[in-house]
Structures are given as C-alpha cells and as structure tokens.
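Below you will find the structure I want to go over with you.
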C-alpha cells in the first residue's frame, strides 16, 4: 500500500483552520489553512452592480484570485507587473465565482456586488479548493454583517458549499492532495459540492494515464467524505 | 418525456461531418461540423520549441481557440481588437491543448512545436468539443504529412481522442447539446475520452440546481456512447 | 515577354467565386475567392451607434480584418493572443472601412452600426482587395435583409464598389497578383473604384525601383479593366 | 475660380524652412516647417540590428511618428498614456519608413539601425509629408556625420526623396493643403517621389465624391511640380 | 575646491530662457531652457472635468511628461510604441501635477480641466525642474488667455511656483545640476517652492553615501537662492 | 494642543511588531505591523541577473509593492485584473528598491537577484514606510539564510535602514501618521535613514499650505527620533 508523503490515510484531510476577521476593513475576512496552504479570503460589498446588470432586479457576486509572488517554492512573477493575469488564474477565479454564486439568491442581493478576493499567502497544493471553502465562510460572514447593519433583512444565501481535491497518487485514490502529491499525481480532480450532497462543479484532468470509470467512482467517494467534513468545519468555525 | 428542440433522441448526436484539407497551407486542416456548429481546425508544425523547453529532449503541442465575430447570433467583439482574450477563450484553449497532448509522445516530437488552431466559423453550441474532435483529425493528418515528407519515421501519436457535451435539459439527460438546449440547460458537462474508454477530462457545471450522483452516472453513460460514435466517425473520415 | 507563374495573361483576373449565406447568423455572409485567396466576409448590424455619434442623425459602418493563423505558408501569430493588432492589420481594416463607407448613405442608416468582418481563411495574395470586393456583397445582402425584415424602407447604399491589386512583375504590368507574384513584385498598387469609374482609393508602393508615370498609367488601365469585371461578377452573384 | 483660404495659387507651396542641428544629441536633427506645420525630425544611429536581421549582411531603417498633445487645435490624447498608438499613427510611421528606405543601401548600413523620429510640435495639415521631407534631411545629415566620424567611408544613400500632399478643394486641384483646406477637401492624396521623377508612394483617398482619371492627372501634375521645389529646397538647406 | 564641469560657481544657475507662445494652438505654450535642457510646456484647457469630479464644484489640473526619443545622448524608446509609460515618467508627471495644483484655486476653475504637457526636446539634466518652472509660465499664460476671452473674471492662480535641483557633486553642494554633474552626483534633490518661501515638494535621494543633516541644510540654502532667481525670471518673462 | 485621534504623543510611534518566518518558501519572510497597518514582506533570491547586468560583476535588488484589494476601507481594484500598476504603486516600489539597495554591496551579490515583495494585507496609513522597515528585516534574514546554506561567505549588507512618515496634523508636527491623520494632514513626509544617522531618501509634499523651514526642521527631528526606535526594534526582532 502507498504511503503518502505526509503519512496521512488515503481519505484523510489535512489539518484545517479558519481564522475569521483576519483583517478589519472587508465585511468578511477569513484566513483559511488546508495544512500549509494559506489563503486570505475577503468579501467586500459595494452598492452598485456591473454595467450589464443596470436596471435588472438582481445583484452580482464575482471572485478574483491571486498568488503572492513569494507564496511558492520559486518566486512567481507578479501578474500586476506583467500586466496580465495568467490563464490559470483566470480559470481559477471563474471557478470560485461560479461555485459561490450557486448558493446565493441574486434577487435578494439586488443593487449590490459582492467581490470575493482570494489571495494565496502560502501555497502547498489545493489553493483553489481552499479558496472556495474559505471564501464561503467570508461570504457568509459578510452577509451576516449586512444583516447586522440593517442593510438586509436576512441573508440572501440559500445553501452551503465547500470544495476539495482528489487524485490518484502512486496508483491510489487519495483525498486533499498537498504539493508533494499534486506534482506527481496521475489524475487530479477538483470537486465542489453543497450541503445536500449535490455536485456544483467537477473538474478532472488525467495528467498521465486516462482514468477508468471505477477510479472515477473511488475519487468521487473520497470527495463526498471530505466535503462532509469541510462543511462541518465551516459550521463549527461560524459557531453554527 | 422531453422533446428536444431538434427532435433528436436523448442519446443522439447531431449530424457530423469532417472536411479534410479544407485549406492548403497547414500540415493538417479540417472543417468539422457538429450540426450547425462549424469549426476550422488547422495543425501547423514549426521546427522549434518554446524557450522553456530548449535543451530538453521533447517537442510541444499547444492549442489556440477563437470565435469569429460574426459566428454568433449577435456579433461578438474581436479579441484582437480588444487586445485581450476572454477568460472563456483562455479556458477553452487550455482544455483543447491538454486533451490533445494526452495522445502525443512528446519525446518523439523532439525539436518541433505543433499548434492546433480552432476557429469557430459558426456557433451553435458545443464549439469546444467539436474543436477537440476535429482538432484530433487535423493533428493526425499533420503527423501523417510529416511521415510522408520523411521528417518523422512514424507518427508520434499513441492514442485517439474525442469530446462531447452532455447535460440535463428540461429534467432529462441529453447528449451533444445544441445552442437552444445549452442556453437552457441546468447542468452542462464536457467529457473527453480516448479510444480505450479512459477519461482524459471531465468538466461539469451545475448552472441551476446541483446534480445528484445518479444524474452524473446517466450523463457519463451518454458521453461514453457518444464518444464511441465520434471515434468511429474520425476513423471513417481518415479512411482507417 | 513575361510568363506569369499561373500562366495568366497580364490583364487576366484569377477565377472568382462568391458563396453567399456561407454562415447563418450574420445579416450578410459571403465567402469570396480570388483564386486560392479565400476570405469570409460577414456584415452584422447592431441597433446602436458609437459613443461619438450619439445624438447625431446618422449611422456608422466599420470594418475589421483578421488573418487566421493557419491561413499562410508559415503559421502567423494570433493577434488576440499577442494582445495587439499589427500595423498591417490596422492599415487594411481602415482601408476596407473607408472604401465601403463611400457607397453608404449614413443618414439613411441612422441609429445603426454595420460591422464588416473580413477573416482570411486562406491567403494567396490580394487579401485586402478580396475583402473589399466580397465585403461589398455581404454588405449589400445585409441591407437587403434589413429591407426584407421591414427595418428599412430601401437600401441605404448608393453605389457599387470593388477593388483589385495591380503591380509590376518581372518588368511587366499585371493584374490581380497572387502570392508568387506579390512576393517578387517591384511595385504593388491597390485600387478601389465604383461603378461610375471613379477612384475611391489608390495606394501604390514601389518595393524596388520607383515607378514612372507611364508605368502608373498602364497599371491604372489594368485596374479599370479588372474592376469592371469584378463589378459585373458581384452583380451576377447577387442576381442583379 | 477658387480662392484658397491662404490666398495661395493652386500650385503654390507654403513657405518652407529647414532648421538643421535643432537639437544636439541625435546624429541628424531638423526642425522642418511647411507653413505653420512644424515637425522635429531626428535621425539616431544604433550599432545593432533588429533580431530578425541578426546574421544578415544588412542594416535597417525604421521611423516613428508622434503628435505632441498640445500640437492641435483641441488637445489630443497622449498615446504613451493611453498605452497604444492610434491606427493613424501606425499608418503614418510605416509610410515614412518605407519612403526613406527607398533611398538607402541597406547593405552599406550593415550592423546599424537608423531610427527617424518625427514629432509634430505644431500641426496645420500635411504633417506626414513634412515628416518625410524633413526626415530625409535629418537622415542625410546623420549619414554625413557617420562619414565625418570615420564610421562609414561614404554615405549609404543612393537617392533623394520628398513628399507633398495634393487634393481637390472646392472643386479645384491644389498643392500642399493646409488644415483649413484639408478638413474640407473632397480628395486628399500624398505623393512621395525621388529626384529622378519616380514615384515611391501614392496614397489617394476620396473623402467625398470619387475622383475621375483627369482629376488624378491634374493632382499628379501639381505633385510633380511641388516635389521638384521641395527637392531643390532640401539641397539648398544642405548646402549642396 | 571643486571645479564644476561647466565652470559655474556652486550656487550659480544655468542660463535661463523662456520663449512664450512657442506654438499657437494651446492656451499657453512656453519653450523653457535651463542651459541645454529644453522643454516644451503647453497648457490646454478643456470644458469638462474627469469622471470622478462630475457634480463637484471644482475643476482639475493634471500634467503629463514625455521625453522625445532623440532628446538624449543615446536614443530612448518611444513610450507610445512600447505601450507603457516608464516608472520614471509616471513619477515625474505626478510631481509636476501636484506642484502646479498647489497654486491653483480648484473651485474658481470649476467645470474645466487644465492639462500641462511637458515634452523634453533636449535633455541635459534637470528636466523635471525645468518642466515645473516652465509649466508655471504656460499655466499663468493660459489663465490670462481665459480672462482675456471673458471665460474667467480673474485668474484662479493664487501663488507662484518654481523648482530646481541641488546635489552634492564631488563633495560640494551645488545648484542646478547639468547631466555631467547629475550622472556623477552622490546626492540629488529636487525642491519646489512658492513665492512666499514655502516648500511644496522636497525629493532627495542619496545615490552614493547617505547625506548628513548639515549637507541637507547647505542644499536647502542653495535651493532657496536658486528658486528666488527663477521666480524673478518667470516674472520678467511674463512682463510682471 | 492637538490631540491625535489615537491619543498618541506627537513623537510617539504606533505599536510595532515583526513576525519573522511568516511564510516558509521565501528565504526571508516578515509580517510587519505598524499599528493596524500590516505588510507581508518576502525576500526571494534567484540565481540570475537582469539582462542589462549580464556579464557585469554584480547582482541586483529590486522591490515590488501591492495592496490586496480588501486591504482598504473601500475595496480597491486588483491591479493584475486592470492590467496595469497604478502610478502610486510604481512610485512606492521604486522607493523601496532604492532604499534597500543603499545598504547592499551589489558586487558581493554577483550573479543573484533579490526581490523584495511587499504586499499590504491591511492598510491604515504608512504602508510604504512599514514596507521598507519590514523589508529590511526580510532582506537581512534572507542574506543570513544564504550564508547558512553556504552560498555566501558573509552577508553582503553593509548597513541598516528604516523609514517612517512625519507630517503636520492640525498644525502640529507628528510622527508615524495613521490613516485618520494622513487623510487630513497638511504636509506628509517620508524619511528613510540608516543606522549612522544619514538620510537615504526624503520625500515631502505639502497637501495644503506650503511648509516653512522651521516646520521642516521639526519634522526631521521627529523622523530622527522615530527611526532610532525602529532601528532598535529591527535589531531586537532579529536577536541582535
């Protein structure tokens, strides 16, 4: 049987931590840790909507993602200095936005835009799933803030959401890959699910050999278990 | 039971056509049609590798995707004039590139770069899956051209690949969505598979309600059937 | 006497073809062929005007030009990926726009913008003159479409226009240069004329030795002949 | 008969002035005036060639054009601040470069790049023709400087070149249009010729009605006369 | 004791010249010379304010700076062609704008934007201080023009401003460094002051060894003397 | 006498904290806090030099600065998404780089580039001075790391450096302005000094009324006191 570099069991998450109110200006601010991966997620609310929604009876939610240059083993280029976000960044922030919009009632948010900023302070694999999972907490906190300030009668959120990666490492399906595993994995899949067990996003890529249907089934089983634990941890962190 | 706008059965592909050697300069050139979706796929070979592969004993394959401004119901902005590819474009061309690299032996391609250009002349849903499926034919033709010209002893391709979309339309899992279905679908999934029944990519998104595991299973079943037919059609078009 | 690579007489056009309604979404869509040069011209109509014409009692017509990367002998860079249109592209699309505006009554088009997109699928010399000549047909078809849909009482076009290249190849003035000639020509001139024999644009460049007044006269004679044939072919294709 | 706003005869140039050595750093530096149009032309020489000429036995000449924001009646945007040169700028600088390359022996310039910078300090029509005419003087001065410094044995220039605009103003063909004429002209043509009476560039555009062959002939006659005078003035300014 | 390359005394300015109305379109236009440094400063007035001031009861003043490519010893890249202003340019134009805003009553300018364009025709050190000093004269001239045209009852300027560089060259504090000194200086400081002896900006940088408080005091003394002379010269040039 | 919003004495710094090794990948990583201003400073070392230093016997140090979108009271635009760094960002990162280069022996760093990334997690005034002060600690830590890894025999740093802001708030010169003060200050000055009491940078701007020489003297006195405390705190944090 495979030994994971971290010594974890195949279906074991990394240690998980949510530090709420990590910064003070944004309506929601959470530093989420999936092991050594640390992502600062802030949820900012603005009293306006994008041009293409003017006059429509709904609000909007969008996400932006960034990796601090010093967050990785070898320094990455600063995208602001290069004048362009990479294809990877664009793909990830689109995924985060779609995932969080899935639990938001846009009509109840009418006239407002929520922006979820996910900035990776330290990367060790799984930054996009940490961003979605932490971003949910920042978003829920921000909506509570609006309710407390009397700007909304109730939270416009109608569901809970979390994300995790699964993959095939050294022939074995494993949960929540860290960088040592991710860089060697034959298959990598990111799964986003809600609290009712429904799938919101599945993105799987065979890096090496194509994966078979039974491998896919095993991976989805790991993801369901892991997301159950992540959803519970989100509720715990939020005191629910 | 649902009636599809086109009158097709739930697991029925659109009419499929490959027009090989559609243009004369590129080593491979195929106009692929999935119903009214028409994509021009060319495979160009250059005798150089990207800077980050210099000195490495391998070649490279990359893909670029574009939508002609007049290809859609309402004219789209020209990305070259805007000075920027959209996030959607970037995502799609990364998917095409990863998918086709999965069947290519990069070492056998040493010193060369193949670029697959997929330009949508007319859009009616499923442009990315048509691009992968047609791109495979253009690529295989280009490799045959290199062999015929004596530049390669044998084709560096070690597999066959095709892609199709599946989704839940009006409550029913359906195969190969056209625009009328795609714009209404609750769930949309793109599946890329090889000739051995292995999955190379799965990208599923719940647009409306999250999908359940049994819906996912039904969608994967449709995809497996559809891809089988696409792979056969590719072989037929190539005279294999 | 010079033999042209194609065996054509000095004042002989390449075989000419207009395939109308090549795509279905744009109001006008024509695939024009000047020999092996093939350009897809679409005319799209939008019910708005550019910001600088708001409040003015007129419409607008603009053109955009692109070369598919695989259209040439050696693959060209995709301008959308480079983030910038080349100087050559900008020059050509400005020429196409000016030329077609010359036969359009902008007041009769009030409140609308027509965009002519000219995308080169295969290049073999003379792409800009093919684009103007085919663009005219797409534009005229689009205006007829607006009339048929009851959006305009009559076509706002008040003239017919076509374009051709002439040049000095191997010492002889020739009409409608293909790539083999164009790449060797000492002088290259693009001429745009209307159905009344008036000049709309002349752009001549001496690549090698400067041309004398009598050479210019010979070139203009060829252009007048060629454009007469192109105008007749446009009318034939349009069933006039 | 038409009266020109300036009171000039139809075939009369504006007052012409070349101020050589206007600045001290560039190898050639000329402030040229065509009436109130004033363009600073500098010719800078660098001991390197563009990447695509490395290893080739020739040098290169390129031109860049700019309009100072305060040079026009209403302030124009600064292209460096907008982050982009306009289509008009690109077109003009390509014309200047092609024109001056026509009188330069690139092999005799091997290993060097000459850049002609043409910056318009004050605009009153005809800036591109002033730039070519003044740019020639700056270029010839720079080549003489290289000879004096012992870097070249003799000047690599094999011809003389000048440019002028002609057009139809209020029904009459006129020479060297100023802004008051240019903004009203029905036809505008820029002509570049060498000292042997050969045409290097002709760019004519009908702004209003298309021009007839006899009008074209009259315009070319004016251009030939005007360029003769410009060539003489260049020689006078250079003390030849 | 140090001998300056120019032979000037340590507290001696270069010869100073203001050529007003150097160009005719802008409301104010001054060619300022600090020795061989020559900067064309124009002040253009537009009857609009930036978007972020709409509805506010004030006008705005902004500055832009550019260096002509041929202005320096070795040709500099054209920022418009590179598609980006350098960090140095941005820094300088922000400094010029802040400095001139310090003497302008923005409320009296309501509804208008003044743009000061400072373009360096020839560089020999101190271009930013020449730009501020000359920009003041162009601005004051432009405000007088508005008063003369009846657009303003009185000038909205409430002070006078000038700038100079000081630095430590070869161990000695000196005033108004030219390029020969600037490129060797251990410390370089730009000082902007008003007619009441108040400091508007101080920007000092130690290029080599850090400067001591007494050196700073000596530099400020030189600056106060030099600016007194510059303010007097501005008044002289303006006939005050 | 003025009461500062925070209740601090005029010459009192905010509470100061350095959290070293805040992240694990960069050679030096410090989270510095000046009160509620928190900046993550990382120092990354790469074994290469910029193109313009190739062949020269020295290394290089550069700095980049960014503000996370959620760091401020109202969300700021993400510069990577806008495709451009603001003028303010460029100015700040140039200042950080110049300041830290002042204490580095570039020859001892030959063949290497150090990049100091300063990313503001939370902003409350004085982010640039916190960045320089924290950046010094990250840099010194990174150089120690290189020595420990045997890549350098001794640290190439020859000095210590810190920065602080001073300004005139409500008529009183104060030290280390927070946002409440900074947004109201009449004058704002950033001072960078070394451990020997030498000035490395002074950047003072009068926002409202120009400051007099005696005010400048008072500000410099505060800065000297504050920097003395900052230098001591840096040594304390580093265990020196």
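Residue numbering begins at 1 within each chain, and the chains themselves are lettered A, B, C, D, E and F in the order written.
By definition in this document, contacts are C-beta pairs under 8 Å (C-beta built on N, C-alpha and C of every residue); 3 or more make two chains touch, one makes a residue touch a chain.
Predicted, not measured: the structure shown is a model, and the values here were computed from it.
Enquirer: Going by the contact rule set out at the top, which chains touch both subunit B and subunit E?
Expert: Of all the chains present, none is in contact with both subunit B and subunit E.
Enquirer: From the centre of subunit B, which chain's CA centre is farthest?
Expert: Looking at centroid distances, E is the chain farthest away.
Enquirer: A-B or D-E: which has the larger count of contacting C-beta pairs?
Expert: D-E
Enquirer: Can you grab the rotation angle between subunit D and subunit F? Superpose on CA, round to the nearest 5°.
Expert: The rotation relating subunit D to subunit F comes to 120 degrees.
Enquirer: Pick from B-C, A-B or D-E: which interface has over half of its contact pairs in common with E-F?
Expert: Same contacts by residue number as E-F, out of B-C, A-B or D-E: A-B.
Enquirer: How far is the middle of subunit C from the middle of subunit D, if each middle is the mean of its Cα atoms, in Å?
Expert: Their C-alpha centroids are separated by 28 Å.
Enquirer: Between subunit C and subunit E, what's the gap in Å when you average each chain's C-alpha atoms?
Expert: Centres of subunit C and subunit E (C-alpha means) sit 51 Å apart.
Enquirer: If I count partner chains per residue in subunit E, which residues reach a count of at least 2?
Expert: 83-84
Enquirer: When the cyclic arrangement of chains is written out from subunit A toward subunit F, what order is obtained?
Expert: A, F, E, D, C, B
Enquirer: Can you tell me which positions in subunit F touch subunit E when the two form their complex?
Expert: Residues 87, 90-91, 93-94, 98, 102, 189, 193-194, 196-206, 209-213, 216, 220 of subunit F touch subunit E in their complex.
Enquirer: For a test of understanding, state which residues of subunit C touch subunit B in their complex under the given definition.
Expert: Subunit C reaches subunit B through residues 22-26, 29, 36, 38, 40, 42-44, 46, 64, 66, 68-75, 78-85, 89, 115, 117, 119, 121-123.
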